[in-house]
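Chains: A, B and C, in written order; residue numbering restarts at 1 for each.
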Amino acid sequence: MRIEVKDLTHIYSEGMPFETVAIRQVNFTVEPGSFVGLIGHTGSGKSTLIQHLNGLLKPVEGSVLADGVDVCEKSEASRNVRRKIGLVFQYPEYQLFEETVLKDVCFGPKNLGLSQDVCEERSFHALNLVGLDAEGVKDRSPFSLSGGEKRRVAIAGVLAMDPEVLILDEPTAGLDPKGHNDVLEMIQNIRRSRELTIILVSHNMDDIARLADHVLVMEDGALVMEGSPKSIFAQEEKLRDLGLAVPSATALMQRLARQGYPVRTDILTAAEAEEEIIRIFG
Amino acid sequence: MEQPIITIEDLTFAYEREEGGEQIPALSHVTLSVPAGSFVAVIGQNGSGKSTLAKCLNALLLPGGGAVYVKGRSTAEDAAVWEIRKTVGMVFQNPDNQLVSSIVEDDVAFGPENLGVEPAQIRRRVDEALKSVDMYEHRKKGPHLLSGGQKQRVAIAGVLAMESECIVLDEPTAMLDPSGRKEVMEIIHRLHRQGKTIILITHFMEEAAQADRVVIMEKGAVIFDGTPKEVFTAATELESQRLDMPFAVEMAGRLRKRGLDIPRDVITDQGLVEHLCALK
Amino acid sequence: MAIKDITLGQYFPGESPVHRLDPRTKIIGTFVFLISLFLVDRFLGFALAGSFLMALILSSGVPFRFLFRGLKPILFLIVFTMLINLFMTSGTELVRLGPLAVTEEGLYRATFMALRLVLLIFGSSLLTLVTKPITLTDGMERLMSPFNRVGLPSHELAMMMTIALRFIPTLLDETDKIMKAQTARGADFESGNLFRRAKGLIPLLVPLFVSAFRIAADLAMAMESRCYRGGQGRTRMNGMAFGRRDALAAGVLVLYAAGTLYLRSWIG
């Protein structure tokens, strides 16, 4: 599914004394099958932007088209297209409510009007896809699970709706390093098995470098940079002005370059850094 | 030698699951002593017992076995609890859920008010505490207008206003964005320089590496207790995989495998760059 | 973000004489004023009440539009009450519209009821506009404390109010987030009959309650860590003391109350 964002503008509390422009004239296209990283300072408008992509928020100006259909229309076509866009919020485990894991994961598919059998089948697949043992966990109360498990259940709940686009808002927030890695692996797994288009909002540049093939940078409600991870993270100074970091490997190479060594700085991973350092210092 | 501010002797603790009274072990024979003025980081994965340990330090949880002494008094002693909680202040993970009042300065005053401090003194303490965390200009604001990092700083001010000698921070940056994390770590270092004893519970090795001493916990027991450099020198390949290593340590390990001679005590980016420069 | 900005009982900062009164004076004053509204039964009485309130509003410096905001939610109620009183009161008929009759008594009743409600809203709004929530709860706690002896847990009640006020924006935020998350999963909070809609609230209410309990547990731990042990021995940074201003206010209140009683139809 291709998503096109055109001149998107949103204002909170329009007309009131505390009116704030949350996003202004944002334009970009998400190609089907791509993995887009969305980065920016807290308050730059990332959360507001993603809520427009599946019609949760209606823009003041501009539009979001999914496969050519405006997501805000009240038409059947629009509803169909919205259903294919899955959105996982920050700390999604806070949305769990059912008596059993299976029932909670079935909530989404049920709302799509699918039969109990199909719902359960999808839920099973989704639970396995997020790395849980579907059979073992399906009858347990979601509230009896650990934090990491709860989060996976919540993500499975969105996957069970079989979206074509998956938007994840800081899926590793609050997790310890192991949990963080597990979630990243899960995302890679999901991408591999379902060929989804993924939009990842994150503060972690290493994650973006590892997973994304296209990066969008937001600042103060506007889209200020767009490009491949290598091209974006090479612009060290501009990112620093925006208060953003670069991936650890890139930062290290940039440090070496500043010391005068002829090292490449379009490096994103530890492996690439290793090769380059050996090339110069080995 | 001066008595350590906190002494933990053979501490054991288990949680009781309500249904059936089943015991879930959390801490197992932990012995540790914290000298006044030191900066100790306690690191471990979720389930290692580090948060449980933190709560045992100010009598929120009482030992199942063994004991915890704060300035010589046991946390199990009823009469000592308030003195202990005054000496050992605590800052929690969720910035929102520890602020009691709708106005910043009133929240910072909460602690001293509970201690029955005289009003004019409270005012003085609150102002000083807010200034030491750089939040004085926000003193009349409501918490919902603050960022996560700012809220945590207010929480720290709340502890400072109680004139606690020791501050225990239980994963204070886990729910913050990178700039919030930086803000809070800066304040923590500043307070340490000013003489406070700091116990930082964290799962970020990069934070732990900034302390004087790192205590690694796993499954309720202490598996390592030493300086940051010692941690990375002693850590074997296997252990490095389990723990969260700072990037510099990972790179140093990779380069060592490729034949470069990088000493094991290189743990920062800066250190690595300096060493590489020296090689050339 | 928009919801958060609507603070309950919005405080309008200022340094006016009304702002500076001891909260207890303001609470008692509001109480007296509200009671007086139910004692007046002639236009002259309302005129007195209205001018008294007007004087307070003017000296407080609070812009009128803030007071009108409090009126919006109950505008429907006011009109409804007026209509009921207008048509349902028996007495001397003035106009007849089929089965419904407008009587002279009804006209008076309706007008007075409307005036009462409007002045009631304005009066209580003014209280919350010139007093910070925490000062208000402190004041209420002090006023209730003499009743401790008969078992009223004044401190605990005040603490509950403080915490409720503190967390209302947080819980409203939570509600917004949960609603959005469930809507993204296809939940519909808008359509269907009453029963359907009530059932549809479960995906909202369960997580909200769980969140509220989690907040409460965390908060309790934090409060205990900061040596909270109830009201015993607690001091206050924001002291409360009656001053000359309060004595003056008390005098004015007594005069006002007397005036109201005097203007009651059984006197004069």
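Note that in this section a contact is a pair of C-beta atoms (placed from the backbone, for glycine too) under 8 Å apart; a residue touches a chain by one contact, two chains touch by 3 or more.
This is a predicted model, so every value here is computed, not measured.
S.K.: If I count C-beta pairs in contact for every pair of chains, which pair wins?
M.R.: B-C
S.K.: If you take the mean of the Cα atoms for each chain, which one ends up farthest from chain B?
M.R.: So the chain farthest away from chain B turns out to be C.
S.K.: Compute the distance, rounded to whole Å, between the mean C-alpha positions of chain B and chain C.
M.R.: 43
S.K.: Measure off the straight-line distance from the CA centroid of chain A to the CA centroid of chain B, and report it in whole Å.
M.R.: So the centre of chain A lies 31 Å away from the centre of chain B.
S.K.: Across the complex, what residues on chain B touch chain A?
M.R.: Residues in contact with chain A: 45-46, 147, 174-175, 177-180, 203-205, 244, 247-248, 250-251, 254-255, 258-260, 269-270, 272-273, 276-277, 279-280.
S.K.: Show which residues of chain C lie in contact with chain B when the two form their complex.
M.R.: So the residues of chain C touching chain B come out as 4, 7, 132-134, 162-163, 165-166, 169-170, 173, 214-215, 218-219, 221-229, 233-239.
S.K.: Write out the stretch or stretches of chain A touching chain B in their complex.
M.R.: Going by the criterion above, the answer is residues 41-42, 146-148, 173-174, 176-179, 203, 243, 245, 248-249, 251-252, 255-256, 259, 261, 270-271, 273-274, 277-278, 281-282.
S.K.: In the complex, go through chain C and note every residue touching chain A.
M.R.: 1-2, 5, 174, 177-178, 180-188, 202-203, 206-207, 210-211
S.K.: Using the touch rule from the top, collect the residues of chain B that touch chain C in their complex.
M.R.: Spelled out, the residues of chain B in touch with chain C are 55, 58, 60, 82, 85-86, 89-90, 92, 94, 96-103, 105-106, 109-119, 122-123, 126, 142-144, 155, 158-159, 162.
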